[in-house]
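Shared between the two complexes below is chain A, which has chain B as its partner in the first and chain C in the second.
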Partner chain A sequence: MSAQSRQWQNMAIFLGPAILLLALFFLLPVMVDVFVAFTDMGRSLKISEMTTANFERMLTGDRRILPTLALTAVYVFLTLAIFNVTFGLILALATTAVPDRIGGFFRSVWLLPRMSPSVVYALLWIWVASPTERGLINQVLHGFLGFGTIDLRTDYPVMLIVIANGFIGASMGMIIFTSAIRSIPEHLFHAARADGAGPLAITWHITLPAIRWPLSFITVYQTLSLLVSFEYIWLITNGGPFYDTTVYALYVYKRAFENGQYAYGAALALLLVVIGIGASLAMWRFFDMKRLLQHPRIEVH
Partner chain B sequence: MLKSWTRRLFAGAALSLTMFGAGMVPGMASAEEIVLDLWSRADRSGPLRAGNIIAAADELNRMLAAAGSDKSVKIEVFENNAKGFDDDALDMMKAFAVDKGPDIYVLAHEWIGAFVEEGYAYRLDDHIAANPELYGDIIESLWQSVSYKGGVYGVPQDSEVRMFFYDKEMLRAIGKDEAFIEGLPEAVNSGEFTIYDMTDLAAEVVAAGVAQQGILHRPNVGPDFQMLLASFGNDIYDEENNKLQVSEKGLTAFFEWLKYAVDKGVIPANMTSWDWDSVHAAFRAEKTAFIKFHGIWNVPAQLETRGLDKDTYFKAIGWTNAPAAEKGGMPANLSHPIIYAVSGKSEHPELAAYIVGLASQDVLNTEHAVTTGHTPINYGQTAMPRFVEEGWALRAGAPMLQYSSFMPNHAMIGPYNGLVYKGIQGVETGKLEPADAALFVIEEMQNELGDELVVLD
Partner chain C sequence: MARIELSSVTKSWGDVVAVEPTDLVIDDGELVAILGPSGCGKSTTLFMLAGIYAPSGGELRFDGAVVNEVEARHRNVGIVFQSYALYPHMNVRRNIMFPLKFKGVPAAEARRRAEETARLVQVGELLDRTPAQMSGGQQQRVALARALVKEPQLLLLDEPLSNLDATLRLSMRSEIRRLQRQLGVTTILVTHDQVEATTMADRIVCMSKGRIEQVGSVDDLFLRPKSLFVASFIGAPPINLVDARAEGGRLALPHQAVGTKAGDGDVVIGIRPENVALGAPDREGCLAATVLQVEPMGRETLYVLDSALGRLHALEHGAQRRFRDGDRVGCELPLSAMLLFDRQSGLRIEEPGLAAG
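Coming up: the complex of A and B.
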């Protein structure tokens, strides 16, 4: 067997499965989406003509696109900034600073929401935020503290979806940051302490610079994931009240599947694909991810 | 040895394939048994919609056996766990699109137009004309609900009356006399007592601390709102040209009333984010709501949770139509029949139609009607002892039917209703002013319904 054919064979064996999966579950859906977006597929799934009407409608007739995109930006930014990155980092710093057993326990607790089925997690939030006196928050506010009841789902819906998503999202950052902090060579901490550095100085001058790449990775990964995920929002507020929590991905879903406008939904989804690619490229450049993939992040002796 | 093994292996494989193949041929499990698929929404308020089809097939099988036939019919039921009839219809359309549609299906009547347009509904005119003994007693006006473009495409399975249930005890608690309490339905029917009067009355009950909520409506898209639209003079269907209609003036008037009711603390601002259980509980067990706007099929549950019976029910609860918007106007009611339809793609449409016909007879339908609080489909059912004994509430509701209309059987009525609901949500939550909400709904409708919509003003 020639070296070249062996190279091809190896490529097929090692890269083949990944390429196949990528093609089947990533490329093909995008191609199908592009195709459907140019059809008139409706409730009956039939296609009678190829058309650009869906894009015309997006550009001229659909006034909800811009508000839902703006809401999506706010939702992604707040969830990322407050929970998925910041709170995930705080959890990682806190649970690695305490003895292992206690740290492990708290990390497990924070992983619980991620391990629960989405519907169960959402139902718990619906109960927690229920506007009646039966809701957990209102039991505390009204029953114990004597205040009036509040209705998070109607009065503070964006806050509710940010918190509900953030409580799950934070655990991902927590795990990645924890492992990154653990991989920082111990002697750096010893040296810093010997030089008289306090915990804050150690965090600022040693830990944070060492986990710069995981921080960038979590930011990029979670941005993309928040852009397209909507299941908790759908289950907890159903996008309401009115359109107050209808993020763009949920808007696409509702247009396509609640009204049976599959072609229009596909056209709307295409915009999400474009936004996703744009955001990836921008962040790739901003965080200089190319370097991340080329050099070892931490020097291990 | 090897040869013999190979031969056995091939024979076994061939036999298995044959058996597997026979099982996979749609409609025919064996030479004698014809399998018909039934699609029904899993719905607590009508389990016999599917059950009666199975009972009718059993009846047919007994007839066939008596005639010495070796054929039989088997009904395979698929109960779809959709949250409403609109979602169920969309799911079924998807199933039909990939050739997985049923032979017989249960459908909210207003969807029949959409199904006919796609060729999923079998025209039943000839079958009905040929079988007067099966269909001759069906209440005449119900046929309108299954007609589309001059053809009949379904058999109504039930009907109902919708109403404002009001709590008479609460009115007594704020000092209203019996003449006023008992006279409310008539005052509504005469057009004297308007929906604004009803709202003021509800506000009075809430202000007195007797109720927490004045009026509760359904927390999701549904036919009730069309009944309210009709109270405000909105005529949403041009039957002659088969177009849906919308009026900015009419919609604005309806939304202005909603805002009035929310501002007065009568309708909760977050009504559209309630769940059904809370709505039911507020009027039934917890008794925190003065009025609940829903349908007659609620009566069995009200009897149970409030510990009432037929002698005490009307002392505690009263019914009115949806009051007119202005003095002297017409009150409104709405019948929303759920229907049986036969697939236009079925291999055995006539057989399926006969089973539907048998399921629509007095005994089976009365079982459904009295156990779930739906009005009957045959004239003769009202004289049946079972109906007289257990259907007292349904007979009490029958006079309200004279104010009743149907939802249009237009293919786009589902999206139409969905958008009106969005407007309701916008007004109640304070996101939109009534006039803006009307414009929003019309704009969205134009966007979504295109030529199927006529804007009246």
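Coming up: the complex of A and C.
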């Protein structure tokens, strides 16, 4: 066997399965989506003609798209900025600063929602935000403090979905940041302390620069997953009241599956794919992720 | 610059005692080496001085003031870590300037001092490099500059040379010593390398199992070791140790009768390889031995011998190999060079009063 054919054979053995899976579950759906977007497929799943009508409708006839996109931007930005990155980082910093057993306990608590089914988690939030006097928030506000009851789901629905998604989303960042902080060589902290740095200065000058890459990674990764996931929103507010919490991904789902407009849904989904690719490329650039993938960034001596 | 005092300082984690109650005084401007095998508590002692570990008991004093509760950042101590611990995302200039940031030194002044200190340790031309772009020796110098730039009252060096190659180690050794003298900064060096300790330090503190075995000059440790541990730890190749028994003022050796003032009991005789003189076999008062192995070391030759006293090492200066494997030789073991230890306590018997006959 020649060296060349052997090389090809090795490539097929090692990369083949991954390429096959990628093609089957990542590339093929996008191609199917592109195809369906150019048809008139409806609830009957029958295709009678190839058409660009779906795109025309998106550009001219659908007044929901822009507000939905704007809401998505607000939702992704707030959830990311307040919870998934910032709060995740605070949790990681706090739980690594306290003794290990206490830190581990709090991290497990924050991980619990991830281990329970999303429906249970959503149900809990529905109870927490319930407008009746039985809701947790109202028990505190009304029962203890004597204020009137409030209805988060009607009056502050965006805040509710940001908080509900953020509470569960922060644990991902927490785990990644915790392990990143742990892998910073301890003597760096010792050196900084001897050099006169206090706890805040150590966080700012030693910890944060050392976990710059995990921070970038979490930002990119969570942006993408917040863009496309909507399960908690769907379960807690179902996009309402009216369209107030219908983020773009949920809008796509509703059009395609609740209204049975598969072709139109596919066209809408295509825009989400484009936005996702655009956002990844922009952030890839911004965070200089190419360098991250080239060398290990945390130096261990 | 400060005078450092430890009185009954101890450190333990749970039931594990890392440093037993320790007393030590280090004079202003002195360079003291803490020497011992790994796990002897020398680094723990250093970290307590730095304020990274809090002592479990006793008192630590800098210039008479108790510093037990003073945090590391307020102690004004410079440390060079074994791994150098340079901040990987900062260039050399910012690494050296880092300690000044917290002393309220104005930026322009901090830059000037950083550059000055960098020149002092001869890394003046590397100021814009990051640690990853430098060799071990260069990183070591930068770490030294970072420790010195704040004009510390105490400089701590944790195995600072162990990651350098042999030639570099030699030159850094004398350079650190020169700098320390020039700046007059009280310095504590922690090392497991006796050559490092003996060549650099004014005084050596020999530690074992969390206890100070002996404090003294090189000569004290080498010629007058207080214990078996010090005798066997100092000196390469290591001292020959032979079990014997003192009874009725006599030591029974196979080749010679020796009188002693030591009381009855089991003893250990120590004799350094360079004091074992080899000659023709079957001479009066000489120990008969067979050469098992010859280890030429260039400047010296080491003979491994088998004798009635067990395995012995003999070191001869010069490269000429007078004997070969299997040769029979006679060893002279001069009584004046013999050290006598109590086997039970491990302590040296200071007046053994050895005499022939």
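As a convention for this text, the second predicted complex is superposed on the first by the 301 of 301 C-alpha atoms of A that agree within 3 Å, B and C clash if a C-alpha of one lies under 4 Å from a C-alpha of the other, contacts with A are read in each partner's own complex, and residues count from 1 in each chain.
Basically, a contact is a pair of C-beta atoms (placed from the backbone, for glycine too) under 8 Å apart; a residue touches a chain by one contact, two chains touch by 3 or more.
What you see is a predicted model, and the numbers here were worked out from it, not measured in a lab.
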Item to complete: Could you tell me whether chain B and chain C fit or clash when both sit on chain A in the superposition?
Response: fit
Item to complete: Applying the touch criterion given at the start, work out whether A:282 contacts chain B, chain C, both or neither, answering first, second, both or neither.
Response: neither
Fill in: Touched partner set for A:61, first chain B, second chain C, both or neither
first
Worksheet item: First (chain B), second (chain C), both or neither: which does A:274 touch?
Response: neither
Discussion item. Per the contact definition in the header, classify A:151: touching chain B only (first), chain C only (second), both, or neither.
Written reply: first
Discussion item. Going by the contact rule set out at the top, does A:195 touch chain B (first), chain C (second), both, or neither?
Written reply: second
Discussion item. On the A-aligned overlay, A:241 touches which partner chain: chain B = first, chain C = second, or both, or neither?
Written reply: first
Discussion item. With both structures fitted on chain A, tell me whether chain B or chain C touches more of chain A's residues.
Written reply: B
Discussion item. Let me test your reading of the model: by the given contact rule, A:15 touches which partner, first (chain B), second (chain C), both or neither?
Written reply: neither
Worksheet item: Roughly how many degrees, to the nearest 10, is the angle at chain A when you join its Cα centre to the Cα centres of chain B and chain C?
Response: 150
Discussion item. After superposing the two complexes on chain A, what is the shortest C-alpha distance between chain B and chain C, in Å?
Written reply: 52
Fill in: Common ground on chain A, meaning residues reached by chain C in one complex and by chain B in the other
none
Worksheet entry | chain A contact footprint on chain B (complex, rising order) | 87, 90, 93-94, 96-98, 114, 118, 269-270, 272-273, 278, 414-415, 418, 422, 425-426, 429, 431-432, 443, 446-448
Item to complete: Going by the contact rule at the top, pick out the chain A residues touching chain B in the complex.
Response: 43-46, 57, 61-63, 131-132, 151, 153-154, 237-238, 240-244, 257-261
Worksheet item: Which residues of chain A touch chain C in the complex?
Response: 185, 187-188, 190-198, 201, 205-206, 209-210, 212, 299, 301
Response to the item:
In the complex, the residues of chain C that touch chain A are 47, 50-52, 71-75, 77-79, 81-85, 87-89, 98-99, 101-103, 131-132, 146, 150
